[in-house]
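These notes open a run of structures that come right after.
First chain A sits with chain B, and in the next complex the same chain sits with chain C.
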Partner chain A sequence: MVTRGKKGVVSFSLVYAHLVSALVFLGIVLLAGLLYSLQFLGKYPFPGVEFLSPGRVRMLHTNGAVYGFITNGYVAGLYWAVPRLTGYKVLNEKYLGWFMFWALQAAVLATAVGLLGGYAQAIEWGETPIFVDPFVLVYLLLALFQFTVPIYQYGKERPLYASSWYIISGLIWIPMVYIMGNYIPQFFIPGVAGAAITGTWIHDAVGLYVTPLGWGLMYFFVPVILKKPIWSHGLSLLGFWGLAFFYPMQGVHHYLWSPIPMYAQYAAVFSTLVLELAVVTVIINFFMTMRGNGDALKKSVPLRWMMIGIVNYGITCLQCSIQVLLTTQKAIHFTDWVVGHAHLIMFGTFGFWILGILSYLWPKVTGRRLYSSSLDEWAFWLIMIGMETMWVDLLAGGLVQGFTWWGLNPWMDSVRFSAPLWFVRTVTGIMIFVGFILYLYNFYMTAKKENIPSAQPQEA
Partner chain B sequence: MERFSTFALISGLFFFFFGTFWQAVAPSLSLRNIPVKSIEELADNVLPEFYKLADDYPVEFKRYFGEPSKASFAEALNVGKAQYIAEACWHCHSQYIRPVSNEELRFGKVSYPSEYANVMQLPQLLGTRRVGPDLIREAGRHSNDWHVAHFKNPPNVVPDSVMPSYAWFFDKNGRPNKKGLAIVAYMQWLGSWAQEPVYQLDARK
Partner chain C sequence: MNKREKFLLYFVVLFVIIPGGISFFIKIVSYFMVGLEEGMSGFALPFINYLFIAMGFVFLFVWAYLRGHFEDIEKPAHDMLERNAMYDEIEERGGKTQI
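Take a look at the complex of A and B:
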């Protein structure tokens, strides 16, 4: 990979602002998740408060995760990676950059208020109220130009590197996917066909937005931290084209055994299975890049976040190839199993990548040494163990629920049998939250530290 | 090969449209001949439970809906659906019955495409998660009173239930307000077109 090392191409303040927002929204997401999990213990602290109706809090939880936490984190990563990858500044920092920043925060806050106020849309991942949608769309189009223009300029001279493939395609996909998911089933196509479209959107939001941008950033940050190139260009190509071809074709796997025509369901199952092969090539590529550098994992917490994220991605995808089978679906669809899967991919993978990017960039953009590396370690282990335990716990819950339903037990059996598992979920949630507080405190103190002149903001 | 246009056109546009065709466009084409019912057509058959609501809560019903009629029934369905969406009931309840896992025994007739071809499924409410039971065959399973008591505080009716209570579906006197009446009407409507003897009613509770 060529990083040209031109100085002054990165806007530190934009990276910093997005990182701060990502942290703030992660805090909100975790609180909302904890709050909602209390409902499952029958201990919801605010019964009868309309604005904190558990269902609304759940939507705050998931939408905050994607649009608040992950989007801010990714955009921070892009503001760092794209200029350093290409040697060109983004389209415009001073006006467009800051306008986009505030527009994003305003959109997420409007979404939060709208959801709690009862203006949600009944579209999974698209619960953003109808009046927010056009603004999000404008934001996505602006982001497309902001980040692809430098890549375009660079691409006129040389072949592009893997990060750029993912970033270009991802940024082109998002606006199209957003229009399809948020408008067509809402206004034009009802019922079963609407479900097929919604399913496609549910999956594309993850597969064509969160995933490609995430991989684009990993293809940049992991080799940069290791100071060596990615192992195999061929595997990068194979992985990219596999993902790009098969990801858009699996949305209906969210509605298996539904009245959607079976050929669409078979296509979804088939392409999901094949996709796992593509994913394996990507993961092999990263592990071969790591080979011989195991030590780096001990020293660099950012790298550790990223690699554990990649491991979790592998696990999720393996899990996916099992759970997508029509036989497995009989037991696990509708259950906590899927919720476990969703947490492992959204937080265990993409969230961890962002935490890694943040802990790598924070000292650089603030120009200060990390406040405490033992706090950093504590945060890592608490969040990591909390996350993996929550995943196992929810898988178990999924099996319990699935089989009590299948076995025609009274409905309440599935609720009562799940109670201990839901309790463990809340406990692991608290673990994650405590880890997050340590993480937050550590980085807050880092930013507050006295500025050592020799460590001015630098791009090293 | 690794040029900007490759990733903009082939993966960015072509792959997207190819995949979306099989997953979204083709199913829509396959189902295009099913006529979509309007709310007037749906409300043409005012359900007995709606008249019953007017009897049970005469003051409130009169205040919010006037007389039970096709027009007021249509309005109740719309308001009910709006609550169902605002409270994200669909994140805890699905609205389709699969032909597997004994769901036919538990809930009733397996779902079929035409029952979703109407504006009450715009946006569709099939759902992807069940904490509580499926609701597409809910009509007539419980009385209006049961629903009212249940929305007020589910654990009172079903011990250990984790369904939230919905205090704002009720007015100061604890009687259902417009939202409350509407959501009950909506529950009684869901699946009223496919009502059949329930096989295992007591297995569910």
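Take a look at the complex of A and C:
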């Protein structure tokens, strides 16, 4: 066994710092989303204030989610999981670890200020101001070395576990696709070809960064909480290598009915449909692991977050295979359907996984039992019901808008028909925000209370 | 690996991975052809980027194969749990870094 000395290999302080940052940014992101939803009700509280105009607040909502909340949450998970997967510490905790931590927070804050100041790039999910991009790239390269060096060291001695493969791949891909998506369409390739690259970037950011790191962490945390190995490691490796070779360049299906040649669009649709089957194998693996352990979902809230996230992932992928069809696109393109889809994957899946990781790690890094399991339950149900209802509401809104336009009705008809659905969206947003406040308060009180050692209260 | 798992594994290879590979290959060829059309050369860029990364993954796969990573395919899942339990114990005994 490749342990080093008798001490643990995890830097609790780095995990703790990233968890706190993830929570702070989640609060900002939820508030920005809630504010933006008020614009649809005609009740935006800052009319005429350019710095807080709804369009800019929307970008704060989306970019804050990816770089502030998800990245901090994932990095916290990586600082916990990678040393425990490998028995080796990350490359450097004291200098590189803390430098990376502050660099990430500075980059996210610079992005927020830049976006609110009107310096966004006109690239979806790549709105990060152009002056921030080089720093993000440097951060991503440092993260690659910080986490893959221990994995490589371990891989020389023993076979790697599925989590390690997913983590390596996510960290290798993201700098490449970040350069491609943020620089090429803006400076080198305009027009249709540039749009295709933008589409590729949108999907790659999700599929080649957020997805592999998320699955890497789920393959670690779910078996650890259940104290049971994954049902089939062979199947998990098959899923990984399928993703590694066949997932890239999915994004052209974002531009169906565009001037991109139709044969390329057909190929994009066909390839997406088949890839969804590969996704199903990953979900089967987790459900087979859960088989016979249903009770664990009652006892462990972290596990519940993770498994609901996995269910949401399955739903999103099924939805994806339906919405890449050219006929479906006729009805849903540019509507709230797409917004619902994005929310279910970014928050309902990856966000829920991070909330699960946070709930699992918080008592461990603070060394205290969770302050209130009742608050924990309330937070879970409020956020979960809020999210799922918002998704259904946005899908319904998308269909109403799409068919209203398809029927060549006046534009304002679609706005009037959507108004009640937009109201419901704001209500579900409030539910999520209240749930988050309870979640935050519970964590704050846990950290603050008298030091009673945690006896693994969140294990299943 | 028991019989049922083996069946599922072969089923996935035959009906998911191979069709996935074929459809992906068709997509790659289609994109390459788009890149050859007038004014669409930029379309080839994601294609080159993909080939570059895919080559890296081929080497990674070969490296893992030569190191014997796929010989006892289920072992890493058990090793991971054992190692994690060991660290839980060490940290319970106070071997953690303080905040």
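Keep in mind that, in the parts below, the second predicted complex is superposed on the first by the 445 of 460 C-alpha atoms of A that agree within 3 Å, B and C clash if a C-alpha of one lies under 4 Å from a C-alpha of the other, contacts with A are read in each partner's own complex, and residues count from 1 in each chain.
Criterion: a residue touches a chain if its C-beta (ideal position, glycine included) is under 8 Å from a C-beta of that chain, and two chains touch if they have at least 3 such contacts.
This one's a predicted model, so the numbers in the text were calculated from it and none came from an experiment.
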item: Clash or fit (per the criteria above) of chain B with chain C on chain A; value: clash
item: Contacts of A:S11 with chain B and chain C, given as first, second, both or neither; value: second
item: Partner chain(s) touched by A:P223 [first = chain B, second = chain C, both, neither]; value: second
item: Chain B versus chain C as contact partner of A:L277, first or second or both or neither; value: second
item: Chain B versus chain C as contact partner of A:I189, first or second or both or neither; value: both
item: Contacts of A:P45 with chain B and chain C, given as first, second, both or neither; value: neither
item: Which of chain B and chain C A:E124 touches, first, second, both or neither; value: first
item: Partner chain(s) touched by A:S232 [first = chain B, second = chain C, both, neither]; value: second
item: Touching partner for A:G294 - first (chain B), second (chain C), both, neither; value: neither
item: Overlapping segment of chain C (options 55-63, 73-81 or 91-99) - the one that collides with chain B in the superposed model; value: 55-63
item: Residues on chain A lying within both footprints (that of chain B and that of chain C); value: 155-156, 159-161, 168-169, 172-173, 176-177, 180, 184, 189, 191-194, 196-197, 200, 241, 244-246, 248-249, 252, 260-261, 263-264, 267-268, 271
item: Residues on chain C engaged by chain A in the complex (per definition of touch); value: 1, 5, 8-9, 12-13, 15-17, 19-21, 23-24, 26-31, 33-34, 37, 39-43, 45-47, 49-50, 52-54, 56-57, 60-61, 64, 67-81, 83-88, 90-91, 95-99
item: Complex contacts: residues of chain A adjacent to chain B; value: 39-42, 44, 47-48, 50, 53-56, 58-59, 118-124, 127, 148, 151-152, 155-156, 159-161, 164-165, 168-169, 172-173, 176-177, 180, 184-187, 189-200, 202, 208, 240-241, 244-252, 254-255, 257-261, 263-264, 267-268, 271, 329-331, 333-335, 338-339, 401-402, 405-412, 415-416, 419
item: For the chain B and chain A complex, residues of the former touching the latter; value: 1-4, 7-8, 11-13, 15-16, 18-20, 22-24, 26-28, 30-32, 34, 36, 84-92, 94, 96, 98-103, 105-106, 111-113, 116-119, 121-126, 128-133, 155, 158-162, 164-168, 200, 203-205
item: Residues of chain A defined as touching chain C within the complex; value: 1, 3, 6-13, 16, 84-85, 87, 155-156, 158-163, 168-169, 172-173, 176-177, 180, 184, 188-189, 191-194, 196-197, 200, 220, 223-224, 227-235, 237-238, 241-242, 244-246, 248-249, 252, 260-261, 263-264, 266-268, 270-271, 273-275, 277-278, 280-281, 284, 364-366, 456
